[in-house]
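Structure first, then comments.
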Amino acid sequence: MRTIAILTDFGLTDNYTGVMKGVILKINPNVNIIDISHDIEPQDISGAALILKGSYKYFPKKTIFLVVVDPGVGSGRLPIIVYSRNYIFVGPDNGVLNLAAKEDGIKRIIEIRNKKYFIKPVSDTFHGRDIFAPASAYLSKGKSGNLLGPSLDSMKELVIPKPEIDKNIIKGKVIHIDRFGDLVTNIDRKLFYRITKNKKFRIKIKNKFLSSIAKSYKSVRPGEPLAIFGSLNFLEISVNGGSAQERFSAKKGYEVSIKVK
Amino acid sequence: MRTIAILTDFGLTDNYTGVMKGVILKINPNVNIIDISHDIEPQDISGAALILKGSYKYFPKKTIFLVVVDPGVGSGRLPIIVYSRNYIFVGPDNGVLNLAAKEDGIKRIIEIRNKKYFIKPVSDTFHGRDIFAPASAYLSKGKSGNLLGPSLDSMKELVIPKPEIDKNIIKGKVIHIDRFGDLVTNIDRKLFYRITKNKKFRIKIKNKFLSSIAKSYKSVRPGEPLAIFGSLNFLEISVNGGSAQERFSAKKGYEVSIKVK
Amino acid sequence: MRTIAILTDFGLTDNYTGVMKGVILKINPNVNIIDISHDIEPQDISGAALILKGSYKYFPKKTIFLVVVDPGVGSGRLPIIVYSRNYIFVGPDNGVLNLAAKEDGIKRIIEIRNKKYFIKPVSDTFHGRDIFAPASAYLSKGKSGNLLGPSLDSMKELVIPKPEIDKNIIKGKVIHIDRFGDLVTNIDRKLFYRITKNKKFRIKIKNKFLSSIAKSYKSVRPGEPLAIFGSLNFLEISVNGGSAQERFSAKKGYEVSIKVK
């Protein structure tokens, strides 16, 4: 069975996600529907793009990612399908599909335009149900994207701010905070080791300094902070048995810097 | 594969929903189980009935809707199956199934009474697990409802307050607030156009007046409110890029009125 | 189709659970994946163990329970598979699997050690994705646990505090509070009837006394508290149409005692 994996900012209180799944099963009853998350902050396109980039490669090849974080619904932004080397992405052309598709290698971009494959009447506010879910379902049945609309030359790019590097200092920031209060920074593993090499370093967060990378949350005493590379391969600040978010009263955008000695 | 779609007020913190799914798969391992929502406000029968009415028709025909919003569990209310023209509804006879089943056309109502199809011992507090989930699973395997109990002549009616209409004024109210802070009113599209026809109108919410129906959230400047017909076909008050709930400090029951000129 | 049922403390905001499901489907696309809950309090091993014990037996035989409540990830605790009489449990050896497996009857314990079945590189923080999810998926395809690692003689025991019994008094406490504000105590049905027999009794919570076991939430007037045996077979304190948690400002650990007359 083919997999459709869904990522939205719909939350789980309303019926939006359930209705999209109904639409999918009405078109293709033999498909695995998986939730990545529906708890993206409302309208947070770059948050969703990061989550998608950190998730897609764990799914079976040919998985269809149905992504609806769509503050521009009903305005000019195009509904698109992006075929990458191993996957298919369906959603609005507002950048949300860009990071993942680019990493995997974009092969073809299609505008979803053929009304034959829409749920009618198309609402002004819920293209997830009326355009994106049916497109995903038809693709999962093996329909070619060519039937859904014409090719496009490009898609909207999304730029995530990189850390600033000033000689021996890396100035990064918190780009995501997870449920455990772990602070995910924009400093990735490769960059970190390229700059620090085998030298000593000091990671600064607020008034606290850390001088090693932990191998596990239990590398430090309970209640103590640590630096660790998380499952997204970004440097994270955590607290053993606690919450770094609380400990440092941290928010998204909070600075985390590294000085190489 | 047949679909069972579940709607409850169980939340996702406890294991209630997971256990119902276990019960279903033990009886029928070849069924699609879909969540509509489990975040209905505890014991909010009319909220659930509205969500069900706004959802059911997007699902495949013959979908079984397992609805457990059941403050009267263990008391006199009957557990029922309702066959409508295209769907099957399973839940307590407290009105929660009524709006959807009536809209689709009620064909037959059955009391679930045959203990052979219960999980035993039947608890006093969780008929979702012990009565409704197994009934849904047996129906999804093709068992006839007749085996589960006797027919009933009627089911409990549910009445949703309609807007008051006084000559050229429609007095509606907020009946649902979604995750984005959109205020869903009880003024539906048909009623709106029947009263306003092609005349000018003024929608009043608190001290703010709106004189057009937007085609998209971006029809107004960021931060500005707008009126739009949402995916349930009710008039909604929204804010472009923001929350109408916050903007107007609105709650359920809040008045939204329309004056036709 | 085989079932994998997942229980974690990951919440639903992040992509952790979705990614584990992707990993599973990549290995075995023909499996039912069911969520028990992802809203266990972060790192609450005994809370998760209780929920698992209250859930497992409702699932089809041979269901694989993938349980990731794992504050010791990356430290010494072993990843294990536990075969019980009717089920298979996969997770960290920190006690979280113990109550359910013991109740069903432990048959064999295996350490997951064969790197061939890991997702590589294995991260320091997310064995759910890299070790437990793939192990569960291979087991669901019929792979024998013997291929995944060597047998172990024992697993970590978990002890849940029992009520104190002092002649004619049972001193229990609240061990779980559900979404409806129901207070679940550690006094189980068997113990209750063994001590109270057919005598009169008085249940004390704060300054309130209850002298009967209700058959339904509606056995008392709206807003009034009641005592009832819940779906986990533990004594629960509830309020008809309200929340016992609010009514008694109760927290976990709160005392509930019974005096037999």
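As written, the chains take the letters A, B and C, and residue 1 is the first residue of each chain.
Quick note on the criterion: a residue touches a chain if its C-beta (ideal position, glycine included) is under 8 Å from a C-beta of that chain, and two chains touch if they have at least 3 such contacts.
Because the structure is a prediction, the values reported are computed rather than measured.
Which neighbours does chain A have in common with chain B?
Chains touching both chain A and chain B: C.
With touch defined as above, tell me whether chain A and chain C contact each other through largely the same residue numbers, more than half shared, or through different ones.
different
Superimpose the Cα trace of chain B on the Cα trace of chain C, which carries the same sequence, then give the rotation angle to the nearest 5°.
C-alpha superposition angle, chain B on chain C: 120 degrees.
Determine the centre-to-centre distance between chain A and chain C, using the mean Cα coordinates as centres, and give it in whole Å.
31
So which stretches of chain B touch two or more other chains?
Counting only residues that touch two or more other chains, chain B contributes 12.
Can you name the residues of chain B that touch chain A in the complex?
Answer in residue numbers: 1, 3, 5, 7, 12, 32, 34-39, 51, 54-55, 58-61, 63, 178-180, 214-219, 228-231, 236, 241.
Report the residues of chain A in contact with chain B in the complex, numbered from low to high.
Interface residues on chain A, with respect to chain B: 10-19, 21-23, 25-26, 29-30, 33, 42-43, 71-75, 119, 123-126, 129.
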